[in-house]
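What follows is a pair of complexes built around chain A, which joins chain B in one and chain C in the other.
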Partner chain A sequence: MTADRIWHRLAVTAAYGLPVFFILLPLCGFLLYSLFWVQGTELHYDLTLVNYRRFFTEEIYIPVLRQTIVLCLEVAMLCIGFGYPVAYFLSSLKGRKKYTLLMLLLVPLLMSYIIKMYAIRSILGGNGFLNRTLIALGLIDQPLTFFVFNLNAVLLTLSVLLLPFAILPIFLSLERIPKNLLEASADLGGSNRQTFFRVILPLSLPGVISAAAFVFVLAIGDFLTPQMVGGQSGFTFGRVIYSQFGTAFNWPFGAALSVILVALVIVAIAVGTRFGGERARVR
Partner chain B sequence: MKRHPLATLLLTLVTVVVFVLLYGPIFIPIVTSFFTVKYGAVDWSQANLDAYAKLTENEGVIEAVENTLIVGLSAVAASLILGTVIALHCNSGKSRARSLLQFIVFMPFLMPPIITGLSLLIFFREVEIDRSMLTIIIGHTVFVLALVYRTILVRLQGIGFSMIEASYDLGASAPQTFFYVLLPNLKSALIGAGVLAFALSFDETMITILVTGTQNTLPIRLWAMMRLGFTPDINALVAIILALTTVLVLVAARYLIPKEFAGAEA
Partner chain C sequence: MAVLLELKGVSKAFGATRVLEGIDLAVEDGEFITILGPSGSGKTTILRMIGGFTEADAGQILLDGRDIAKDPINRRPFNTVFQDYALFPHMTVAGNVGYGLKVRGTAGATVKQRVGEVLDLVQLGSFAARYPAQLSGGQKQRVALARAIICQPRLILLDEPLAALDVELRKQMQEFLKAIHREIKTTFLFVTHDQEEAIAMADRICVMNYGKILQLGSPTDVYYRPRSEFVARFFGDNNLIEGVVGLGGAVETPIGSLACASDEMPPVGAKVFAVIRPEAIRIGAEGVAGQVVSVSFGGAATVAVVDVAGVMVRVKLPSRADGLPIQVGGRVGLSWLAADCRAVAA
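Entry: the complex of A and B
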């Protein structure tokens, strides 16, 4: 049995050691890095709050962050605006049809993210599918530009990419509403409208909140979509962080900005779990 | 209680719009891949396979596909082994250390990928591991581990302890119990989790772009190609990738969808 014991010891060590080494340690190191500072290309390993001070004092960072938060809230609202009716429609279907449609709504999540982004860009572009269709229909004579390479383009693209993440939690919360509550409401003389606004909507609200938190977190961490469709004006916080690790080459400052991002994400997740429904773990 | 026909119409309409929004960006490149694209306009007159022929000459893409497969398979193997070990350990009792471990495993899944990617980037630099295929594999393993772990844990909890106790009572050793009792019961969960993890790894972009050295995986290659401008073989590549992903999704669904749903189909 001694060989068994050695194997067991080894397995338990790996079970703790590898996640600690490759997840916890990098995250802690990351936090520490945000307290270092850079001069020219040289990295100084002594602790300072200079990076955080820079974030709060320099005039560009807070507006970009605010703009990004607003953008991601708008993405969340758009996703819920479109996702709720779809989830509601799905949950009113029966049996096989319901789950087949649900599957079909989730499948695009696994489809290449870069490709979808690229396709959406070519649809939205100045010479893209959407503008050409509108011109062909005679609705406009000049290509519209308000959704080409700016924040609106980022908003629309992120919303389309993240829509399935909103549908699933709302669907699950709708499914959990006991059918006899709806019957009770009808028996007591409630109209369809009353049943929806007084019974279904309040009971599905936790799902809506987790959907919003989900979409918000995924949107705020995205730095590739704004880069692809945002052009010059579609600057977001994620892009600012990414640029610190590329062109600007200030890793400690980038780390400090990321810590601020993490703080925001934690707030969003906390709100989502406190007021939201069961944490739907899907990806 | 019947819904108002107008409400039904409206709901159906929104659902159709959402389907168009979700599938439009997937189908447009596939359809376009069979036609010649010139000066940004599609020539609809004749379908052909030119784009596919061009693709076979694109060495960068072929190398990227190879890299993606290597990374995906390695990450699947690593996360399945580690996920099983962690799940077995966490299922064997309750302790503060176990819940902490579970929390650590879930972190890369809850945090935005940019955080996972950057923390690994800084970590690799400080421990002096050069960025390479290995660092991509580590990044992907860390990313998919939570999902794999969770899938296996749920299955383990479904098995319960009585079967394991019975095995020990009948005189089986720990390895025998694992290989003859647990593994056969875990098989479909392992396959499902593995396929899903592969699909995630196949498409992982944000972590990869941060921890990659000179090697390209497919999404990174696509990203580079698309930023430089359009080449027609992209559409062909897109069509092939989407076909492959569909197959993967179908396989994963077969193993992961709960029996009750499958029952509803019968």
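Entry: the complex of A and C
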């Protein structure tokens, strides 16, 4: 065998082996673990569906999951709502300015997640920037508790943290629209508004859906943000899973909840790929 | 014919590059005019200025005598067939073709009816529900044309629309475009870099180079009566024989004193080219004597290169199955009609 072929073999093995070893196998481990059960502090290794039954029969889990899904959909919508205009503005710029601003937009991704969360917490908090500004403007007399340690805080924080992940796919889908389509629309008599709603928006929709799927998936798996800014009422599914591993020490049940979450994420990604991305563009 | 559109002193520079310099051009109502030039000649810039995609630095663009240079794209009664079609990928053929009417708020039933009519005209009646990705190049081209004519514009701008098609299909599309032009009688302004295409299609050809109009005239005009060296060289493999204008108005060249026709003969002593089309030259016993250097068979025509006093003269002869009576190395005489020899300034 020549050196080239050995390298080729190695590269192929790594390309398939690494995801299998680091992603697929652990997931299978989770699946297996979710079929074990716990009594007291003792782990039983016989296979059972008792954990899944518990999820569907006990009254708290499905409402928390539903609330979390709604929350993450709201995060996705907020990110799209704020991200689309930014992406549109960016793609309308020319030359170096466009990419400089894009880079600046991505700088927050380089910062630690925890630091960003503390920063946002101090902005939203009772004595934070937001409340002080509102008081200074005379809009309110007392600091509002509306923004922190509840679901609103989780919503706002996740949206701010995940905004770049929404802007990028939308920006890319806008960039890919050939400029002559916009010229063609204007040439045929379309106003800027008509060009936007009839040409730009439909053609960027795959990017919007990808962005939504992206944000949704990242938001739904997050347990740290609700933990830090959610307080007592900002309870999400991620925190439930975390508590099963961390405080309840019921790993099989936590694994079962994780498997359910993974199933949900797979559905979200499937929707994202079916209606977003490249394939939806060219029929 | 009445003048539809007039360009007066239109200039444009991109940075330090001057792409158009004082262009004056009158487009007549109903004609098929072709702007012909090599890449970088400014031909597409003219089209884009008329369409409103590019703003002129100076000059006027008059439609029916009114300056439209500042009108936005969507207010100009012109429609464009883009080089790479620019069909909306997310709309069906019917959606694409009906777009111009829809944005004007035309009622749905009318749009449907007109789309049907126009698609029939371009022979794509059964393709209404297809998407652009499901069409061949020629079909996309016809959709682009249908989309441009449906709003009955005053002028249709065609930006090298056939450049992406293969030779056979291009010939068909040329015929097709001509037929559509005869049918709808709208003015066509067609931009191309292909001389044969321009000659085959246009009522008038406007030859451009380096941002200037070199000659404007009928295909036979620019082909047989070039006014500049560039135009003479641009159409086919012309013979350009260097010389000076002699006292009697003849051009003195290394191969002899040639009687040349010209619209405006340069003054005596001026450097000129005597231009003779290769197919206008006859080979026989009489005329300018020379030696055959090469004979190459090229299908319909055979090209012989004849050395006349050191000047290589190309002669294009109709091919014959039993061969032509000329041999490499043979001595021949070249002759032509005086009208086929033109003088252009060097």
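Please note the rule applied: the second predicted complex is superposed on the first by the 253 of 283 C-alpha atoms of A that agree within 3 Å, B and C clash if a C-alpha of one lies under 4 Å from a C-alpha of the other, contacts with A are read in each partner's own complex, and residues count from 1 in each chain.
Definition applied: a residue touches a chain if its C-beta (ideal position, glycine included) is under 8 Å from a C-beta of that chain, and two chains touch if they have at least 3 such contacts.
Just so it is clear, the model here is predicted, and its values are computed rather than measured.
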Q: Check whether A:105 is in contact with chain B, with chain C, with both or with neither, and answer first, second, both or neither.
A: first
Q) Once the shared chain is lined up, is A:194 touching chain B (first), chain C (second), both, or neither of them? A) second
Q: Name the contact category of A:115: first (chain B only), second (chain C only), both, or neither.
A: first
Q: With the two complexes superposed on chain A, say which partner A:184 touches: chain B (first), chain C (second), both, or neither.
A: second
Q | Chain touching more of chain A, residue-wise (chain B, chain C) | A | B
(Q) Applying the document's definition of touch, where does A:251 land relative to chain B and chain C: first, second, both, or neither? (A) first
Q: Considering only touches as defined above, state whether A:232 meets chain B (first), chain C (second), both or neither.
A: neither
Q.
So in the superposed three-chain picture, is A:29 touching just chain B, just chain C, both, or none of them (first/second/both/neither)?
A. first
Q) Should A:202 be classified as contacting the first partner (chain B), the second (chain C), both, or neither? A) second
Q | Contact residues common to both interfaces of chain A (with chain B and with chain C) | A | 183, 186, 281, 283
Q. For chain B, which residues count as touching chain A in their complex?
A. 1, 3-4, 7, 10-12, 14-15, 17-19, 21-26, 28-29, 40, 82, 85-86, 88-89, 97, 101, 104-105, 107-115, 118-123, 126, 138, 141-142, 145, 147, 150, 173-175, 199-200, 203, 205-206, 209-210, 219, 222-223, 226-227, 234, 238, 241-242, 245-246, 248-249, 253, 257, 261, 264-265
(Q) So in the complex, the part of chain A that touches chain C is made up of which residues? (A) 178, 180-181, 183-191, 194, 198-199, 202-203, 281-283
Q.
Could you list, by residue number, the parts of chain C that touch chain A in their complex?
A. 51-53, 72-74, 78-80, 82, 84, 86-90, 99-100, 102-104, 131, 133-134, 147-148, 151
Q: Provide the residue numbers of chain A that touch chain B in the complex, in ascending order.
A: 1, 4, 7-8, 11-12, 14-16, 18-20, 22-27, 29-30, 33, 82-83, 85-86, 88-90, 92, 95-96, 99, 103-105, 107-108, 110-116, 118-120, 122-123, 127, 129, 160, 163-164, 167, 182-183, 186, 192, 195, 217-218, 220-224, 228, 238, 241-242, 245, 251, 254-255, 258, 261-262, 265, 269, 281, 283
